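Going by the order they are written in, the chains are A, B, C and D; count residues from 1 in each one.
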Amino acid sequence: MTAAPRPAASLPLGGVDLSCRFGPLTLPHPVMTASGCFAYGQKFAPFMDLRQLAGLSTKGISPRPRPGNPLPRICETAAGMLNSIGLENVGAEAFLSEKLPFLADLGVSVWVNFFGEDADEYVQCARMLDAGHQRGIDVLEMNISCPNIKKGGIEFGTVPEVAHALTKRCVEATRIPIVVKLSPNAADLPAMAQAVADAGAMGVSLINTITGMAIDVRTRRPRLATTYGGLSGAAIKPIALRMIHQVHRAVPELPICGMGGVGSGEDALELLMAGASCVQVGTANFARPGGALEIRDELRALMAELGIARVAEVIGCVEPLPPEPAWAPAPPDAEASR
Amino acid sequence: MTAAPRPAASLPLGGVDLSCRFGPLTLPHPVMTASGCFAYGQKFAPFMDLRQLAGLSTKGISPRPRPGNPLPRICETAAGMLNSIGLENVGAEAFLSEKLPFLADLGVSVWVNFFGEDADEYVQCARMLDAGHQRGIDVLEMNISCPNIKKGGIEFGTVPEVAHALTKRCVEATRIPIVVKLSPNAADLPAMAQAVADAGAMGVSLINTITGMAIDVRTRRPRLATTYGGLSGAAIKPIALRMIHQVHRAVPELPICGMGGVGSGEDALELLMAGASCVQVGTANFARPGGALEIRDELRALMAELGIARVAEVIGCVEPLPPEPAWAPAPPDAEASR
Amino acid sequence: MATSPSQFRARVVDNRPLHGGYFVLTLQGPMAPRPLDGVIPGQFVMLRGDWGRDLINPRAFSVLDASDDGRFSVLLKAYGRGTTRLCHAPEDEMLTVTGPLGRGTFDAPTVDGPTQLLVAGGVGLPPLHLQARRAAAAGLASRVELLYGGRDADDLVLLSDLDAWGIAVHLATEDGSRGDRGFVTVPLSRRIERAQARGEAVCILSCGPTPMLRAVRALGLAQGVPTALCLEEEMACGFGVCLGCAVPVYGPKPYAYCCTDGPVFDAREVRWS
Amino acid sequence: MATSPSQFRARVVDNRPLHGGYFVLTLQGPMAPRPLDGVIPGQFVMLRGDWGRDLINPRAFSVLDASDDGRFSVLLKAYGRGTTRLCHAPEDEMLTVTGPLGRGTFDAPTVDGPTQLLVAGGVGLPPLHLQARRAAAAGLASRVELLYGGRDADDLVLLSDLDAWGIAVHLATEDGSRGDRGFVTVPLSRRIERAQARGEAVCILSCGPTPMLRAVRALGLAQGVPTALCLEEEMACGFGVCLGCAVPVYGPKPYAYCCTDGPVFDAREVRWS
């Protein structure tokens, strides 16, 4: 316990300004909800005032509707869960006509998560969703990291050159800014981030779920029909923090939307300090449908307690611990102190 | 919940044969203890009968002694912990003279975990430890995956060609069989496993800790002096299972020593079913210094309950769930059933 | 359909052990509004204690009863980690509750409708118990009958309620210690045969372990008896957003959702082998 | 040094709230052998409840006292998740205990040795409290004095014990509500000055929050008073195998281990800035 607590005068709640920027976007606070964990928003209306969110990311959209994977699709693990939903969604067309109007009306930042089964489908999807430009869609969050579809997915997410080419084509296909959601299964995240930044991405989202597995020893079967699924929740927060920090250090000017195990205001602040410009709440929405706004309130209270007036102050602010005094066989002033 | 429990007559405890094989080795049961979580064994003597272990893996040994990293070196996370011990160890020479005799006397399988700061040091270490051939060392567990040293480490663990070359040199440097401990941070585990198998490794150990981070929001400092550390414990079990399963499917003849979050007999059985030939208990030793033998007993009881007579029966036995009946707009016998 | 769901805190006011490892957990929810007013048999709640960072998702439990003093109860049995904790929840512990959830529910019995055969097993009793309670309260006790199966006599709980409501009960136990020896399908097929012999219209409403539901479904389909199944799928959210609780179905789309389309489904619709 | 450590189960027989958020948790361990027989001030135990898969490692607590009926106690305050749970551990809860741990401990006072100034803060009281208890039991109450600092009067606990044992006590509180206003170093420097003025040999034994220990160390080194510090480092195992609890030191090796070399260290040896 060598780090002395940083002395800081606490602030009144009102002294905290939660507003923040994500590239060109201005957000009222840094707490959004994550793709696949918030459906298309509507179903949370009984539980929270959706207009108070900073923004939300929709379930991943593909050019055509998809039915999703066989069941079982989810299973709980230690401090986390696995899912293999299979990117079930209504398809771009139905999204634009049936879901977007509701979202556009909310006045929050709407990020449409999207993907395709191959590169052409990605581009096609970006082109289709371009119809939402200035009609409610603020960001296209390009998911190159889903472990749950057969073709594409993983490969786009692990090879920088492939990701670069794909991003470039999608950026050219739409007027809406693109944020690329990177795969935590990639060996070199900074290279991936640089590659998509060079291709014109406005920012990156990280992390998506990490590929995992669970087995029912009684039936000798995997607990998910697809054998593998994506691990999310508190268990992965340390990995998310590391990846956000690595990318922020390597490509400091690239805004990062951080996610992975955020379940409290303190978790959110950790991600911001690692280098995220805003955060998304995923799995925690299931247990606490109003959780994202509670997390915003906790963040405000914690910032007040710690004397942090503005979000921008702390983005990526974490610094190495001071070095220990140099080792020597005897204390420097061994004689003096006797 | 579609998988019906597999019917199996339960067995008396005595009807369970826990003995198993790891390549040429015969083990009395599949539960060993993991490197870095069991020191050099002695300190567990007050808590358990060490002779009852299947085997143990020592703290990672380098050619010269190492002092380890500055503090803080550990921190707890959700269902897991981060460590950055820095591969502190007594060095190969002191290990052979001071630690090995005690271990050799135990009559259990002694795996000496080792590493170097560069390729030459790896080879040097393997050569030095070769003095333990038929004097107590059964396996050299080559750690190419430690996130906590500056040079080498990670790179050896993520590039198949580099791992192949390193393994080959070490295999040639010693008469003791080599098991390579792979890095979970590699993007393509099966390729890594194949590469080291081709180079003459007797088997692989997986997984080592996954690189992670935690931040103290009050001090704005990382919770570990080295910023990043290795995540272990229950939180990572789903990732361990996936990697073990992937490698076992890709290189079925290669024995796998599995580890990552084993804390119960059921966990151990899960890893065996995913494809491990034996398991190592790591982090769980800290809370339960006698835990490895309790886990062995739980495994025996669970196998008896499930009617599993021999360990070999279940290694890699997990099979996909049966497919759902094909979808159709109407039930196949819609009329008949009315 | 009951009111739209909300999330609220509720206090454990009673956690009564029955025999066979079952517990009736009674919770005190808010009074105004009472979130579970008008709850329908088959609807459920998601429950979670202040369990920290493990056991991250809430657990689903059918509502056993809800009264107008804001109290409601569920029937529990220890299955895994979550239910084990709930079985040991002490008085005054606070739980987080989401509900009422579930849109597809059991139809109420009617004077001239088919006799409803309520087929229950294990922790599948609650929706049928509530169905019976409501039937009795509506003076329709004779329009429902409970067929109830368990491993042994100990595995059959809350039977005195059914007696008190004057509802016919047919029992089956695997070890024959009470009622028919065998599965609940034994009295069920006998009852269906009797109905068919005398031209009585019957339908099946069933809830219980999946193997039981499969057998009930097969029987219902084979005999041409309209069958409604209350399913249990693994759930993360309970309100239609995680898409984890997919139920394979025949119909315009290959999957329906247990939490929002169900938990009650027409047996013909369910795509089971 | 006490007997070699073991792991055992112990039952909560009392969890007594004091003021200021402190609790004295008393546990009943096995009787034969009694694992904590002969425990030495500074030794500690690792405690963990049946907490499931989260909070995976046990927590370290100095032994406050151990009696020959197999009971022993620790002083607690809620700090994070683990200590919060322990503060709420109900009677009869079973905990897993490993101990006694720690080799480096406080030297016992002697008739002709230096006066031991026991400098305590917060939850650092137990080793010094036990040291004082043992001194009194050995008829050496006059050879030890307690210097005890806290935020306010509420933050100073178990003082009546010291009174009963006839041990001199010097208090300090940050808000001045009891004893000197300021840190415990205020009465400590006065006491050292007094000793130096009259040629009295004194030594410091200290345990408390790290910032306090840093100040005590600085003072001890500056005044040339032999100073023993009982340190708290984050621990996973408590018995020398995880190597997590490194303490930077001067000496043949750059690190010593809090759990096996300590927790008590010579202030000169500790490599702190």
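The definition used in the following text is that a residue touches a chain if its C-beta (ideal position, glycine included) is under 8 Å from a C-beta of that chain, and two chains touch if they have at least 3 such contacts.
Just so we're clear, the structure is a prediction, and the values are computed from it rather than from any experiment.
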**Asked** Hey, what chains does subunit B share as contacts with subunit C?
**Response** A, D
**Prompt:** Where the centre means the average of the CA atoms, what chain is farthest from subunit C?
**Reply:** D
**Item:** Whole-Å separation of chain centres (CA-atom averages), subunit B against subunit D
**Value:** 38
**Asked** Which integer distance in Å separates the CA centroid of subunit C from that of subunit D?
**Response** 55
**Message:** Need the CA-centroid distance for the pair subunit A / subunit B, whole Å please.
**Reply:** 30
**Request:** List the centre-to-centre spacing of subunit A and subunit D in whole Å, with centres computed as mean CA coordinates.
**Result:** 44
**Complete:** Among all residues of subunit C, those touching at least two other chains are 53-55, 233-234, 248, 254
**Message:** Can you pull out the residues of subunit A that are in contact with at least two other chains?
**Reply:** 1-2, 4, 67, 70-72, 78-80, 233-234, 324, 327
**Request:** Name the graph shape formed by the protein chains and their touching pairs; answer line, ring, star, complete or other.
**Result:** complete
**Complete:** subunit A partner, complex, touching residues on subunit D are 53-54, 210-211, 221-222, 224, 232-234, 248, 250-252, 254, 268-269, 271-273
**Asked** What residues of subunit C sit close enough to touch subunit A in their complex?
**Response** 4-7, 46, 48, 53-58, 96, 98, 233-248, 253-255
**Fill in**
Counting only contacts in the complex, subunit B reaches subunit C at residues 1-2, 4, 78-79, 322, 324-325, 327-331, 333-334, 337-338
**Request:** State the interface residues of subunit B toward subunit D in the complex, per the touch definition above.
**Result:** 36-39, 43-44, 46-47, 59, 67-76, 78-81, 83, 85, 88, 233-234, 263, 283-290
**Asked** Which subunit C residues qualify as touching subunit D in the complex?
**Response** 52-55, 81
